[in-house]
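These are the structures, in structure tokens.
Shared between the two complexes below is chain A, which pairs with chain B and chain C, respectively.
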Partner chain A sequence: MRLSLYVPGNSWVHRLDPLTKLIMAVVAVILVFVLPGYWASAALLAVSLGVLASGGVLRRSVPVFLGVSLIAITFFVVQGLVYPGNQHPALTLGPVTFYQEGLLLGLKLSLRLYNILAATLVLILLTNPSDLVESLVRRGVPSRFGYVVVAVLQMIPNMAATTGTIMDAQRSRGMETEGSLWTRMRAFIPLMGPLVTSSLIATEERALALEVRGFSGNRKPTFLHEEVIPPYAWAVRALYLAALILAIAGRWIG
Partner chain B sequence: MVSRRYSPWALRFTTLTIVLIPVAVGINYIGKLFASALKLPLWLDSIGTVLSGMLAGPWIGAISGAVNNIVFGITADPISFWYLVTSIAIGLVVGYLAFTGWINTFGRAVVLGFVVALVAAVVSTPLNVILWEGTTGNVWGDALYTALMAKGWPVWLASFLDELVVDVPDKLATVVISWLIYRALPKRLVGLFSGRNEVESL
Partner chain C sequence: MTVIEVENLRYRYPQQAEPALDGVSFSVQQGEFIGIIGPNRSGKSTLCQALVGLVPHFYKGAIGGKVMVAGLDVHQHQVWEVCQRVGLVFQSPFTQMSGAKFTVYDEVAFGLENQGVARDEMVRRIERVLRLLGLWEYRDRNPFALSGGQMQRLAIASVLALEPEVLVLDEPTSQLDPAGTSEVFAAVSDLCRQGMTVVMAEHKVDRIAARADRVLVLHEGKSIAFGPPRQVFAREDLPALGVAIPPVTEVCRRLGWQLPDGTYPVTVAEAVQMGGAARGNHNS
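The block that comes next holds the complex of A and B.
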């Protein structure tokens, strides 16, 4: 079991340094809110999907997109029915009427949702999270923060692996994990308690181990890996920042 | 007499409390995992944030909340990044109230649960309105939103109630469960994190 959805590979997006990919994601997310109209949003979505496709992860992003489709459907239903600006009925199904303005707003919100998702998937699917953390620590983010994030990434799979053991252990002692809502609610504490207590007790040991290795030292740490920034990364950064400036300038004038 | 060490806002940045942060995020995740394994209609995904606030005060609570949403934002669920502020607020509120005596009895812990739910809803509502015009993506909450909007209620109020109906049961259960676990923890451990331990410190 892994927490991260990162897909290792060797495409041009994989070879970009993490900071460039962070810039790509942040710029694309800002553009979602800066670009006006449906066509610009659709074009942005196409660009983000193009990046994902060229990184070879388009298929891996489908489950993520499907996962939020219920939210997108809610946008259409809720806004189509009750958006305060609704005036022109678009279609009537039995007793309910969907309005044109609300449905268009639903489209806008769905585009926004998928745009944010597609933009951040560049980071999620194509960037190794610990590389991203390392690259940020290199640029002045406190190394303790770096430790915290990397520790989460390592700890969660271990903790998740013990959940099965705890569940089996408590079941074998007669704990009900099925049945009424109250029964299932009550089962939560005997499941959660041992895990929380044992992991909190383990923190003391881990803190000691870190102390012994100079965790609270004030020396500047060095890095295990050399950072490689491919030459085209600068072009990508320039392209994205130029798009951002153009879009903001266009918004200002338009 | 209240010394600086006992102030709720004291910075408890020791190696031990820093190690507590990733554990808190892990507990958040496991809470969500167990909740879905038991098919509970709640998320229960902030038990770790609440516990770290109870154990080590508002700052560590807030950082645990922030790291939680940052990590899930860059690994699995990009939308969680936007609700960073909500998690920070939960950590701050729990940490402050825990250190001013609001976890001493069960009754007070219930009150704390309602306060946390209220704070979470107040902080999340502007995000919901700005990002999604008020809906939360939760079917029950959005059904209420639709009903209220149909009656002509203002967007902000409908959106706040949409978030609140979802948050009250979830955050109340989260705080009560965290409190039950907190009470059962070895006293030595509790003292170690809060810096109130007279004998041992790291």
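The block that comes next holds the complex of A and C.
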């Protein structure tokens, strides 16, 4: 019923407040570009993977990592072959030669890619999106913005269901929706018409319904759910921010 | 105590030549159940929306006359201010769900959060309205996973949680099956018995005839009758104007089962009583 990859659970990562997880993800992504060398990047990746594993979603992230490996392979192949700084041949396979410099650059880029991915997955797989939005709205993000983000998560699956209904209705009246590309494209118009019209009508009705529930009032909103920040969240935040400061300082001095 | 006072209300939607409401006047006492009936496009929905200020504030357009509801001059106040005293329930249960909440319980909280109600007060009110509308056991469900009747009751609960003095319902059962319709009417009648003022626009005239204290008949934006159901449905001119009357009233009229005051029965119970009496006379 909802468009979200969030995997519910009760690990220490799940119990962290959304803001801490946002800090973790943002800091990790910044660190990717601040940390020098391969070992530091690899260590960072290990930390992110560790977080994913202790959240119980390592298996869920494997397909994502595998999917992206295509890009990583491309990095190795392209940089290994044609990186302008290539000097020392490392590997020769028939007519093609891979160079050491290019392969190392490929490794660096791939580490960055996987680091960013792992850091973002902490947020995507282990954070309830509506909780994240609520915690941002508490801190001054406009509630209209928050509403749009959360409503989209729920409305898109609903629209998909509507699309299914319209498609069945058109099919039952003899429209061909399967077959050649041309048939499918022709089926698109009688599908989009009702979908767009019904969505527009629904949008106006929903706008009215929100209005009578005080959505555009100027009161300071309250929240049904209390925000729970576990004590260890502060330690996690401090750890990540300290790592960031150290990395920046190290970069600046070094 | 007069809760709703509408005086010579005239309204035209933007870019429309014909007025949607044309000189409507009526007043409603506290605790009354008012039914608004009339053919399609007679101005029922517009009148409902005028009671909370969506007309004219949301739609703009030209307005005249005066609407006083629960002590507020609706034309001088914002919709969200009026809605603290007047609740409005719409036709489609589906589009009334905020979409931003993932459980029935949280859905009720949506309006309360917007109004800045304190948390413990929120918890108290949510439990009260969910129990009142028989939804307490569904509190952890996703709102979109409810049946139509349940979803509409949730919409009513969400509006009631704001503790309005008046509840306005715009054809709340038009997308529901008979069971869902009965659920909604039973819930609304209960509220009315507890002192809530209810205004309901509705096509199902037999239900209105059975439940409403007074009926307002709209036709082309004008109010053509306002009174107790029996008096209103006794009028000879309604069918010609396209205004539906309860089938039982139609039958009694054809049979000549007239009550002593010149009106006809509007519910089956009344007709049965009448018919029994008629047969008794016949036998004697």
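Miscellaneous remarks
Note that the second predicted complex is superposed on the first by the 218 of 254 C-alpha atoms of A that agree within 3 Å, B and C clash if a C-alpha of one lies under 4 Å from a C-alpha of the other, contacts with A are read in each partner's own complex, and residues count from 1 in each chain.
Definition applied: a residue touches a chain if its C-beta (ideal position, glycine included) is under 8 Å from a C-beta of that chain, and two chains touch if they have at least 3 such contacts.
It should be emphasised that the depicted structure is a prediction, and the values quoted were computed from it without experimental measurement.
Once the two structures are superposed, chain B and chain C can be ranked by residues of chain A touched, with B on top. Once the two complexes are overlaid on the shared chain, A:216 sits against chain B and chain C alike.
In the superposition on chain A, contact of A:191 is made with chain B only, not with chain C. Legend: residue contacts after superposition of the two complexes on their common chain; A:235 is shown touching neither chain B nor chain C.
Once the two complexes are overlaid on the shared chain, A:199 sits against chain B while remaining clear of chain C.
Applying the stated contact rule after C-alpha superposition, one finds that A:224 touches chain C and leaves chain B untouched. In the superposed model, A:62 lies in contact with neither chain B nor chain C. When both complexes are overlaid on chain A, the residue A:121 reaches chain B alone and has no touch with chain C. Contacts of A:147 after superposition: both chain B and chain C are touched.
Looking at the shared chain after the overlay, A:245 reaches neither chain B nor chain C. Overlap of the chain B and chain C contact sets on chain A: residues 147, 151, 155, 202, 206-208, 210-211, 215-216.
Put simply, chain A touches chain C in their complex at residues 1-2, 130, 143, 146-147, 150-151, 154-155, 158, 202, 205-226. Taken together, the chain B residues at the contact with chain A in this complex read 14-16, 18-23, 25-27, 29-31, 33-35, 37-41, 44, 47, 51, 55, 63, 67, 70-71, 73-76, 78-79, 81, 131-133, 135, 137, 139, 142, 145-146, 149-150, 155, 173, 177, 180-181, 184-186, 189, 192, 202. Taken in their complex, chain C has these residues touching chain A: 49, 52, 54, 58, 78-81, 83-84, 87-88, 90-92, 94-96, 98-100, 102, 106, 109-119, 122-123, 126, 142, 144-145, 155, 158-159, 162.
Interface residues of chain A facing chain B in the complex, by the touch rule stated above, are 3-6, 68, 70-71, 74-75, 77-79, 81-84, 105, 109, 112-113, 116-117, 119-121, 123-124, 127, 129, 132, 144-145, 147-149, 151-153, 155-156, 159-160, 163, 167, 177, 181, 184-185, 187-189, 191-193, 195-197, 199-204, 206-208, 210-211, 215-216.
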